[in-house]
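As written, the chains take the letters A, B, C, D, E and F, and residue 1 is the first residue of each chain.
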């Protein structure tokens, strides 16, 4: 797995979606999860999932935060290097985490947080340096709209199914999920695809026309293979 | 519980929402779940929950239906008299159940099915006589859009949190959820409220003006109490 | 005005929108307002407007119903023959009125109720026989989601601006608003247009092709004028 | 093709979507297109497409209806037995056709009209007896919101791509599109699948449990094959 | 009031929403209103409300701008230090104000503009230095989509009810509304809460685990009180 | 046309929408198309249109890119100085173009790309320096969600109808379309309007009140004309 993770660090989320389409998988990009505060980062790691349902006023109160099934309990269970993926049902009017919880996630070595919901306390969260992909910010806390119900269960996030231990990769084009069984395939094919794209960019820079080039016809495939050998 | 269920059979979903508001609960009406095919029914029963996440093409295939965690397995676990509540994430382009599964639910004594999603095979489902509250119909099966992941977990449905064993009541105004701890309160207060409404309708029919009547001022409260005694 | 109202009783909402388009008015059809319970009705009357804003939990409580600015007060101010138009901001998860208030509106001679929101207590409302155009039904009362703030103000409803005393016409194609200054124009031109459509239907029934017929070219205009004289 | 069309008349849209999923096709059900006025019908026929873009006020006027690229011209080009599929971009506030144009389509032998938009003049359209699948009704004419731009082009409709001569099947579960190249496959496999469902319904009626039955395990497959021989 | 306003300048919108939840108020954050152009600002002031309804083509013309009930008239009525809150019904395709009107608001001492709609003329508006919270930018003027109907009325804005003289606070997490009667409560409790968060951040920085800390158990409450005394 | 294009370079999109409203045109601003990566640019050029429909899994595959009707073919047909306008049906979960195709558009002298969809490979696209107006970014390629069907046809884009050779202008307030027949009118009237706004800004800076100034009454019109002469 470590080798695959290392390979994935050099493969864009765009390329990963193209590799997954070869396997018939279209639902792999987490809608709504965009870089928060600090663009330009890339993360790779296995998913640690969190699940929210809508608020019920008798349960989702400030007091609920000290119950055993709470986001606090979940955070203390997060392994180093994981990518936390939170199913906030796309709710954008209550922030699932603020600075204090993000700071604790950094202490625990969490690699990143990905959600189809939003954060709260933008300045504080950005200051913790935790890499976050989300759909914006809101002032109210999660208990305003959401009830936390568990962790490391299958979840929905941004139109995707996410299972614990699926591989998550995120960059400035958003976050994608790779089914565990396809990680090695994507890592291997993706590296090759990145190489092809490098060659294509050079060809287009030289003035090449697109038809026959991208995707390459037989002649161009041969030229690409020769270029690859000469590198 | 049986006594409360019996009392709830004579209380409308509208009255239930008003009683719950007295306890600060606004999120109790399942958006999207409307009577399917046969209006005019009323059901009451404890929730048996089902949970779907989005389709992932490598998992949600026709073959998945024979796996242990499948809607088939869930159905065989449903107790008599329960109201099945299915979290379909509001997806309206794939039907969660068709005639065969609904027929089996009838055989198992399921009281009703409530979902924020849709059904498929409208004619067949209506023919089974299973009372259904849903958001319409679609031709594709659940595997077209959804992956089934479990049962008797907390779920989201139509903007509400639903926990297993919450009480569900449904009529032509839709479906509502009563937190387990509030069932007796709602049953008792709701019965009284229905009585008040009966009196109010009579008063308005006689030509009474609304201010001071609904809600009643002191004078009208007295008149109502007298009317109640005379009944 | 009475003559215009009488003329409008024979003009469809479809024809009215076409006449208003001649004056450059496209925003005249109330999105979401459809016949509730009993199709096949037609109503015409001047608008009496109601306005809601979102709930604020400290104000929109069951107690608020007895305050001076309440829907109860508004109802007692409704003149006979008016069409009540309620701006519910398109909220579909709380019913603005139930049976008791609708019954009182009938007693006051209200011609119809039009809203971009929903009703509650479907059976009771239909039983009052008040003609209603709305977007469906919900169990919760208005105070669950909405705060009533006033009447006979300009409002938004279903994407239209509605001013008090604008003319409202509603049938099975929905509800339309005619600006007060254009009522006579619409009544006169609309009657003529209905006649043309009658002739067109006869022509198409005889097998006439559409190009040149609808809209009519010079030749067909002449034939139509002759038909009109012969009637 | 005629044989396939005949076979498809006995295959539900639900079964068709399941057959298409075997070929990896999930996008085949036209969202928003539901039976209009008269449920219970079934139609099968090749697609004849219409395309609208948004209104531009200088072009989409009542006068535009007499221009060569108009819905009138398109109608006169419709072959007998076709299913007209209109891309209305999901616009629900202007009706694409009323009674006159629908009456003419009936005269030309059009089998049905399917759209992700709405109709106008509900009574008139239903009276023509043209089978229609759409998303409701609105009073304004198409020129209020839409500009007609052409026919027999590839279109979008309800989330599907529709190409001229694709096969359309519609029933009470909505409308589906079968790519031309897959019509024979769907017709053959679908007939077999309908037979299996008939047997399954009988088994469940007798009290059979679902796991192992639906989908059938080896034992049940054998029992089904024997049942098929005995029929 | 001045003392409360001063106190609120040091309390985040996040903390304010948490204090309001103690009073049962969940609807207090204005959805869609985000900092425009210049992040990092904080404003506090009483609400001055503006209300728009949809365009009606005979009224919302460039000429309408010189009528007495116009945004121009409203601006000349704005008191120094107020926060203007405009109900644009969430319309994002027409900008409610451009540079000229914003410049005049600055001249009148307006503290900020908050809306669920959008601005136009981004460069000009940012150059006026008026603090603005809105949902983006659009080229068309308000008359393209909206009709202005009045000021200092109760309004809807971003899912909240706003009454004139409610207190508005806005920062990088958006804008919140505090009911007038709760301003002193929020100012007092909020200041204490900010202090607690300061202590919590320090504890987490030192490596404290979350359960028992946030919210604090008895032991940690004591430690916090001691820390407070030592400051 | 060249003179008009030159004049339009000094007229904001805001002013253009106001000029078009004088001609009754409200639908001219492309919703969703915002500057991508590099704000502060202005472009003017005739529209070259692209059209997508939803994906159909048997057609929209990586292989489809080498077919004659492909985005590659369309790009090789783009004339120098055109503004490419792509109808992506508002789909925001698949990017229509990445760096390689944008680079080729730059080579062909394309002035800009405008779409109601999104891009992919944000870094690569920004590096090509092609001016782009779009609705954000997504990792998946167009074939994940869309099928390309043709170019230089009438299209829908962001709620507008766009015809080939309409004039497109884009700046930081978004992108607008000018019908070909109105280009000279907009260029002439727009230049005058920009001058008036310059004067208005000066007046407001000096402390002038808005009523009577904007729009100017007779007195202020005279003052403006004098100012114009003195320039």
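FYI, contacts are C-beta pairs under 8 Å (C-beta built on N, C-alpha and C of every residue); 3 or more make two chains touch, one makes a residue touch a chain.
Bear in mind that the values here come from a model prediction, so they are computed numbers and not experimental data.
When the partners of chain B are compared with those of chain E, the chains appearing in both lists are A, C. Comparing the residue numbers each copy contributes, chain A and chain E share less than half of them at their mutual interface. Matching CA atoms, the turn from chain A to chain B amounts to 180°, rounded to the nearest 5. Of all chains, E has its CA centroid at the greatest distance from the CA centroid of chain D. Of all chains, C has its CA centroid at the greatest distance from the CA centroid of chain A. If you average the CA atoms of chain B and of chain D, the two centres end up 32 Å from each other. Distance between chain C and chain E, defined via averaged C-alpha coordinates, is recorded as 36 Å. Each chain gets one centre point, the mean of its Cα atoms, and the points for chain A and chain C are 49 Å apart. Counting partner chains per residue, chain C shows two or more touched chains at residues 24, 26, 55, 159.
Contact topology of the protein chains: irregular, matching none of line, ring, star or complete. Of all possible chain pairs, those that touch are A-B, A-E, A-F, B-C, B-D, C-D, C-E, D-F, E-F.
Interface residues of chain F, counted against chain E in their complex, comprise 12-14, 16-18, 21-22, 26, 28-29, 31, 34, 159, 172-174, 176, 197, 200-201, 204-205, 207, 209-212, 214-215, 217. On the side of chain A, the complex with chain E involves touching residues 55, 61-63, 65-66, 70, 72-73, 75-76, 92-93, 95, 98-101, 103-104, 107, 120-124, 136-141, 143-145. Note for the complex: chain B touches chain A at residues 23-27, 53-60, 89, 147, 149-150, 153-156, 159-162, 179, 181-182.
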